[in-house]
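Okay, structure first, notes after.
Order of writing sets the chain letters: A, B and C. Residues in each chain are counted from 1.
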């Protein structure tokens, strides 16, 4: 029936547009949600410093600059390490067995499987925005030396966090729910790292320098460029070690990973 | 009543199975309290009071806020999971009220949270950070009552978010955005005493200020007599408003499900 | 004697399982003092498989079959013993070894859920570094044999179980492996679906000499595709031989059902058990090693008026069940 065909066609068109629309809406909503969640810390800092003006001598622009390093490094990190972030799910699904059965490196497969572009864009965009807003107001002279330093610090920051992700991924072989642990060690410490570590009790500073070395991801690199007075409490060399530390930590994590894969093969799941 | 108690009990037991969960949960909360203690110590510097609020009031605010929020955790994705795998249809066939079941399960996990999250965290916080005692035992009682009301506000908000799963693919996004609003505007990251005026003006028209801030102010004696009564009413008003919204969405959602067949 | 393709010697595997307690108080205690028990999943198993054989592993749940398969495929290390497959030690030379094997898990697809089947195939081509020529050849051949052209471009989530199984099998074969392991390949399929898969598997074995190993609960799978059967129970190998032998050795019991014209009293016959069935039917149960069936039949047919009769021998499934239950002793 001619009438019927036409209305059927309209119906299909409408539902196609609707589902396309829903999908697009969903994608936009997700990026926005990640963006907003990450921006929470910034928003709170901003509102707080509206009242209090500065924290340990760091003003609002310097705080934004400090934060931007966290986001930029994470945006790059998640492009490569999404698979490791979600690794506990791979183990629980039994998908890891399939990975073992394929003639490619295990880590290579995990890293290539997936990239969370929403997270990468959300964090990356936030980081770049903060950088642009603050970089000119904090008194950094951008020349070849400082630019190269900045790039190497970012790489170092990515490697340090990558090592942490790899470590927690390896833990999935031993523990069922590693998400909570990672939540605590990575995400909470990251919240700490949003503030200059000099405000914290020595114990926390120690954790941020020696256990979950976020201090080397943003604080010390920022200090190299900003030279705030609270740097006096720390050895100057800390400002230079980020890339080397990144490589070293990554290698250690990788060793643990190899050991843990052997453990998995001995005990099954 | 019996099946609801069973739901609560099951959730409670499930939580016990994951040993790490609860140890890490407490640690989490304590750490967060500590962060804020450090931040505000630096912010206060040498002043003893800012805007009439003392440092120990601020720390008490954080301990209670973070303690309560870690206890009141609700899984916003519960309904969505059921809608996605189709098992929502089974829920309608059961002789138990679905909403009641969700509430019962959440209460099970909260009782767990109270015993294994809130109390230990409180204990640790008292030792390392120091908490101000409630101004009176009456205040403590009223604080508890108000906190329970605050929970119901939070629960209704979560229920509304879960209801969106009938219309939206990804409830996670909405839940995350909701959490941002709750975290920032409820005073758990920046005590509402210090919130800029303009923002406070906006918050007044939202339920967020009624979740944690009202009970905490009662506890600290920052609220007297009639004010307390008014704020209790305010909390109940929000519960009512949110309940209505939730119910409407629930009915509409059910209809949509029946018409569309999931 | 030619060297076997697959050699297992004295393989054992023991698992440590934590004991879960019930009730809130003992669970709280368990948090601080976890208890474990040891389960011997595989106890000293050995066998050899030659190239081109089709072997079925059968055993009750928890018997140790999937543990053995995991060790054969390199996913698990044995606690003791040696494995040598195609010149490799599976868990030692992983990447080289897995290039030559294919694994099909009936319950877990290796295909990407949201993507068209062909996309998953191309991913596999890339992972296994299959040459363009070999890929095109295999793809064309298998697509035709299994009638996949009408759904090869559809996302996996839209496929029926039968279609998905076919796609999964092809996925395991694209890189022309020498050995293929099948874990419950026909589970959930209807009769026609199962038949298609079995035909295809037999065809592969006949034309390409691919060695195949099955673990399954479906005896028909084994009867229709395998020539050799290994029975595993509680970690032990109970039987290793071909199907014909198992019938001849252990399937000696026979049932002769006779419907007589009238009600008769049968005098006892040596070595024969007589059961009364409904109405005028009687059942004669005996071992064909002890009683000659033609003697029994001619005896009964001449003595009595017989309306109808049937003879049944036990099916493999019954035999196997009796082996599990221990009512048949394996010699």
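Side notes on the structure shown:
The definition used in the following text is that a residue touches a chain if its C-beta (ideal position, glycine included) is under 8 Å from a C-beta of that chain, and two chains touch if they have at least 3 such contacts.
Please read all numbers here as calculations on a predicted model, not as lab measurements.
Of all chains, the one whose Cα centroid sits at the greatest distance from that of chain C is B.
Central chain assignment: A. Criterion: smallest distance from chain C-alpha mean to the mean of all protein C-alpha atoms.
Distance from the chain A centre to the chain B centre is 27 Å, each centre being the mean of its Cα atoms. Per-chain CA centroids place chain A at a distance of 47 Å from chain C. Chain C has its Cα centroid 54 Å from the Cα centroid of chain B. Chain C contributes residues 15-16, 67, 70, 73-77, 91, 94-96, 98-99, 101, 103, 105, 108, 110, 127-129 to its touches with chain A in the complex. Those residues of chain A that touch chain C in the shared complex are 94, 97-98, 100-105, 109, 262, 265-268. Remark: chain A residues 22-23, 26, 29-30, 32-34, 36-37, 39-40, 43-44, 47-48, 50-52, 55-56, 175-177, 180-181, 183-184, 188, 191-192, 195, 199-201, 204 touch chain B in the complex. Within the complex formed with chain A, the residues of chain B that make contact are 18, 20-21, 24-25, 27-28, 31-32, 34-35, 38-39, 41-43, 50, 168-170, 172-174, 176-177, 179-180, 183-184, 189-190, 194-196, 199.
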